[in-house]
Amino acid sequence: MMSIVVRVKQKQIAQLISKGKRLDGRDLYEYRDIKIEQGIIEKAEGSAKVLLGKTEVMVGVKIEVGQPFLDTPNDGVLTVNAELVPLASPTFEPGPPDENSIELARVVDRGIRESKAVDLPKLCIEPGKKVFVLFVDIYVLNHDGNLIDASALAALAALKNTKIFNYEVQDGEIKIKPGYTPLQLQAHPIAITFAKINDKLVVDPWLEEEQVMDARLTITTDDQGRICAVQKGGSGFFTTKQIMEAAQIAVEKAKEIRKKLGWVT
Amino acid sequence: MMSIVVRVKQKQIAQLISKGKRLDGRDLYEYRDIKIEQGIIEKAEGSAKVLLGKTEVMVGVKIEVGQPFLDTPNDGVLTVNAELVPLASPTFEPGPPDENSIELARVVDRGIRESKAVDLPKLCIEPGKKVFVLFVDIYVLNHDGNLIDASALAALAALKNTKIFNYEVQDGEIKIKPGYTPLQLQAHPIAITFAKINDKLVVDPWLEEEQVMDARLTITTDDQGRICAVQKGGSGFFTTKQIMEAAQIAVEKAKEIRKKLGWVT
Amino acid sequence: MMSIVVRVKQKQIAQLISKGKRLDGRDLYEYRDIKIEQGIIEKAEGSAKVLLGKTEVMVGVKIEVGQPFLDTPNDGVLTVNAELVPLASPTFEPGPPDENSIELARVVDRGIRESKAVDLPKLCIEPGKKVFVLFVDIYVLNHDGNLIDASALAALAALKNTKIFNYEVQDGEIKIKPGYTPLQLQAHPIAITFAKINDKLVVDPWLEEEQVMDARLTITTDDQGRICAVQKGGSGFFTTKQIMEAAQIAVEKAKEIRKKLGWVT
Amino acid sequence: MSQKTETLIDKNGLRIDGRRPDELRPIKVEVGVLSNADGSAYIEQGKNKILAAVYGPKELHPKHLALPDRMVLRCRYHMAPFSVQERKSPAPSRREIELSKVVREALEPAIFMEYYPRTAIDVFIEVLQADGGTRCASITVASLALADAGIPMRDLVAACSAGKVDDTIVLDLMDTEDKVGSADLPVAYMPNLGVVTLLQMDGILTLEEFEKAVNLAIDGCKRIYAMQKEALRAKYVSIKESEE
Amino acid sequence: MSQKTETLIDKNGLRIDGRRPDELRPIKVEVGVLSNADGSAYIEQGKNKILAAVYGPKELHPKHLALPDRMVLRCRYHMAPFSVQERKSPAPSRREIELSKVVREALEPAIFMEYYPRTAIDVFIEVLQADGGTRCASITVASLALADAGIPMRDLVAACSAGKVDDTIVLDLMDTEDKVGSADLPVAYMPNLGVVTLLQMDGILTLEEFEKAVNLAIDGCKRIYAMQKEALRAKYVSIKESEE
Amino acid sequence: MSQKTETLIDKNGLRIDGRRPDELRPIKVEVGVLSNADGSAYIEQGKNKILAAVYGPKELHPKHLALPDRMVLRCRYHMAPFSVQERKSPAPSRREIELSKVVREALEPAIFMEYYPRTAIDVFIEVLQADGGTRCASITVASLALADAGIPMRDLVAACSAGKVDDTIVLDLMDTEDKVGSADLPVAYMPNLGVVTLLQMDGILTLEEFEKAVNLAIDGCKRIYAMQKEALRAKYVSIKESEE
């Protein structure tokens, strides 16, 4: 439902955008500041906190030994989970994951999985029996818009920060050896999200823009500029032209971000 | 709660029934048309769809290898589950099974189990360790009354259509061999449901009759005309005379249905 | 929320207490009558029913063979669970355990665990693999106040009544031998609960007192008069002086109860 | 109902607990046993130990569930975790959900539902120990709790099962007979009105055996009905006495 | 999307089920198949078998969820336990919850949501058998069920996936192509308005391949749209005939 | 509390992290750290890292839960899956449910509950990393978030645990001391009023040790109280500065 306040703001935001401007002063294709801190949760195997403007997302990576899936006996297991904890926004409720947190987790998961950022076969300990299970837990701490891009960045930063204890297998038992080995990432999938407002596209929508947008489009690309995940959201639509335009911008923006963060393979 | 419309209809239905007639033109002990299609879900080990008038029920049988129950180490496992999916009726809600779907599944289960229609010891692979687990999933697609009888027929038809892959056990491992073996049924339990309306019994009540009935009585009999399951439902009662009358009619009606369907052992 | 009736009663109870009297005639530090019946559930390995005034609590102990926790491979497992079943009070709702039943179970659990009443290492069958699991199920049948003390007494009485089948381990399999061995308790932790009403402490509050109390304090002590568990409840507070006073009274009262029940180690 | 060939009836025609085929287990009923409930009762039937409590009539939340012309009867049949051989999880099982429904439908015909429109009555049944035939004993005891709560009723509902063990039709099956026997048929009955309010059966019975079992169960119900009335009278008398 | 090196396209350029790269699977659609729903439809696309039903517009409970200026569209995508190779638990999986959301958001742009303020429409989708591309087939069939229910719509929504198998961009992936192929891109489209209402992708595609796949998928949508209209016409004609 | 005979106090009387028995861990508190919440605060105490947010006073749904004469305080203590050694499932554990209750009851005496009848205040606590004593740190930080939200309070609540390790009464137990030590006693305190609002204990303490531990914990609370006030002052000053 749109309140009158929102309608007024929508008009204002739309008018600005039609002039190529935004309420917070950014250009249409400009990201908010990105700040990344890694290794802040010492008890996790990997962790990172991302600030995208005022949007704040923390990701912790925990590693356990478990069983592989039946259809991929030689691969480790990657599990992405997201919690929209209620301190992050008055619109988040305590309780089991809703469709928004599930979509968030699955979109981040697809980017990592399809780009093969994590070398899952390397996480196999004993084929069909024992593998490493990576739990990537996304924890949204403050919601000021564009949770997908912030979460994807935080998940990647946490995985880059992840280390696995050294071990050897003796008679089917895992023996832990001294030291750790960093998890080497094979790709840096970057999600770029567009909001369509008054038939114009902007990147990295913040909360006020999300409240008035017609639809959302996220395009994740890998280091070679190939698309590895796409997700349309919201109750509006896109033209083919808008989609192709967004895809091209996504490739460029992702390259920019990768460069700025020094994430190059 | 009975709305005024329902009260008027109740009066009309009751008056007709006291003259031996029904709103849809049937005799008191007459079933609606039964149409059965088998094998429609190719990915299931067995399947069938039953149309009982406009009531439509689909059943799929899936087979997995699992563990036997502790107290029956030499028997396969039979599991009957029912879902009243919300597309079938405006009165069905999405969510976990409620008392109606649980009762439906348990009544169908009892008919199959007590008549020993499925030879459970034959589904044992390794006593105490590995057995076949049969999942019989009842899926109600359109609710126009008498779900029990339609579901019991659909479950039986799906089981008659079920085939198990050939296998041999080598060193405790199951090795699949080419070909399939049909699941042979040992009995054809047929559920016959009565509605009591204005102190008269009718068989196979349709939706309008169910809305005004006082109570429901289901009697399931096997090929030898023996009773193998009974369930009274609804907030009314029956006299002993009505019960015995129903039991006799149930035996006859079940015989008729078995004959019409060609289901004879 | 306090209704007007409750406010009036609160005033009355408070006035009495300031004169050292209580609505049901007891002294401030006087318990209601304690009646204990043991062994009433023949199918449980141990059982007891406690009447504390009109408060009625039943506890059943069931024993199963299971796995130890990873961090205590040589200890049996003790599990305390409480159900506030809705027949016990108009304020109890059916459904999964709420914060009140969880707090109740955990406070009783802590008393037993910290006093080492049950010798957990003795319940180990095979270190790291098989241990006895004790399920202590608290079942509140009538709620007339002070559920914690009544439940702690009932749990202890049921454990004192518990017997474990004799067994020997042959090739990793448990073989049951004839006869039973009683579970020997090593301590008798007694919970003493105080209500603070109008800045005065009373022990063993009954329902009317609980409805008007400011806060609750439970102090559990062992046979040597040492404190082994404390729990403050309710939305009020205590002074340090009140806490120390309560601790001393708790030690005395527990000694009295242990003596009255003949529970001495 | 499995059909292991154990002998459940000995050469003297007696059952494993020494009863004759048409004999009830020892039954003890008591009314008004809980102080908080509006009505309550307790039953021991063999080793079954069951408590029932009634709360109501009372307001219904959420209100849109209330009925304008009658009350809503709600019923929960629940087993204590320690009531059976293997510990039962506290979450309601499918069996408990079905039994809650059939027990409610067995009690409903006895109640003048139209007396208190827009209200609800809750019947809570707690099986503290189970020994076969708990649904019948639950109906028997819940019916007393309803009467104790002063709910206007057409009649008490008494319930009892009959069944078949070793080719013999027997009354009031205990746990082993229920599990090893070849048929179990629980019946609830209102003796004054002569009508059956619960009827279930699993097992295998010929039409003739079925009729015999129904009649034997009803006979059991009538005997239990006498005990129900006696229990109510006992409470009524004790109240009168304490009033004098 | 794994990348096992199986051959999904043979030397004649045909796919494992004999189709050309730009060929749809056989599709059968039928409208008005359920008697209780306000609107309903059924689709078979390859081995996919999917039913959709629409209930509404109707009142919303609890009322504080109703919107003062538009209706609420609710959507449940659900799979039968027997619809897939390994039995699926009846509880909704994370995948089903995500698909319920994206399917709803694909249908919403087609509906005049402001026509019935304060009401709700329920779309229930049941996948009876799944064979790849169920979300697209679900949108296609749900859109027909909405039309059958008389919900005012801007256009029908048709949906179809394209993807990449063995370096070839192909249309309407079936199960094996979806699992073994290297990209899957489902699209929903309103042909009259020329806009995309669902777009997802997983796999790896260059920008050029992506554009080609989007266009191929839209081409598939247009062909499916023709079948949707034909199915509505068939029902309309049969109603008119039965009225005459 | 197990009683393994490890040495937690060395020959110099220092603890495993080098602290004296009556020494707090390093504590860092910050107020107003989240932009969406009405009030928020962050604490680091040893390796504990905990965020608290307050929303409210606000309307309560469903309305029949509202109180006519006071507000309702709701509190959720929750741990991130990555906050502990073994990954924690996101579903609330029994421990989290109990702690949510005792933390709420520790905060409630500080709040003028009657100021906003019919409303609710939500306190959300997220433990990002746990290192022993999280319930005390949670109360400390939640109390600051309440003050930051402008909720009228009698006093700040400060919390700290004392306990016994190696026969010594020590202040502010960290994880290992909590697990291996022989008693843990968390206390919450309102220094201005001199009253205890949370008191729990598990382990074994004589009466004398108990008194000593209570007093040591209260002493810790007072020192933490000073840091709380300083953190509020820091925020107040920084606001004033930015306003000038």
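Per-chain numbering from 1; labels A, B, C, D, E and F assigned in written order.
Convention: contacts are C-beta pairs under 8 Å (C-beta built on N, C-alpha and C of every residue); 3 or more make two chains touch, one makes a residue touch a chain.
Quick caveat, the model's predicted, so the values are computed rather than measured.
Shared contacts of chain B and chain F, meaning chains that touch the two of them, come down to nothing at all. Taking each chain's centre as the mean of its CA atoms, C is the chain most distant from chain E. Each chain's centre was taken as the mean of its CA atoms, and the one lying most distant from chain F is B.
A straight line joining the Cα centres of chain A and chain F is 32 Å long. With each centre defined as the average position of its C-alpha atoms, the distance from chain A to chain C rounds to 48 Å. Chain A and chain D have Cα centroids separated by 58 Å. Residues of chain F found to touch two or more other chains are 62. Across the assembly, chain A contributes residues 97 that each touch 2 or more other chains.
Contact topology of the protein chains: cyclic, one closed ring where each chain has exactly two touching partners.
Here the chains make one closed ring, and walking it from chain C through chain F gives C, F, A, E, B, D. Of all the residues in chain C, the ones that touch chain F in their complex are 1-2, 72, 97, 99-100, 102-103, 105-106, 110, 113-115, 217, 222, 225-240, 243-244, 247-248, 251. Against chain C, the residues of chain F that register as touching in their complex are 1-2, 67-70, 94-95, 97-98, 100-102, 104-105, 108-109, 185, 190, 193-207, 210-211, 214-215, 218.
In the complex of the two chains, the chain C residues touching chain D come out as 40-44, 47, 54, 56, 58, 60-62, 64, 81, 83, 85-90, 94, 96-97, 135, 137, 139, 141-144.
Touching chain C in their complex are the following residues of chain D: 34-37, 40, 47, 49, 51-53, 55, 76, 78, 80-87, 90-91, 122, 124-126, 128-131.
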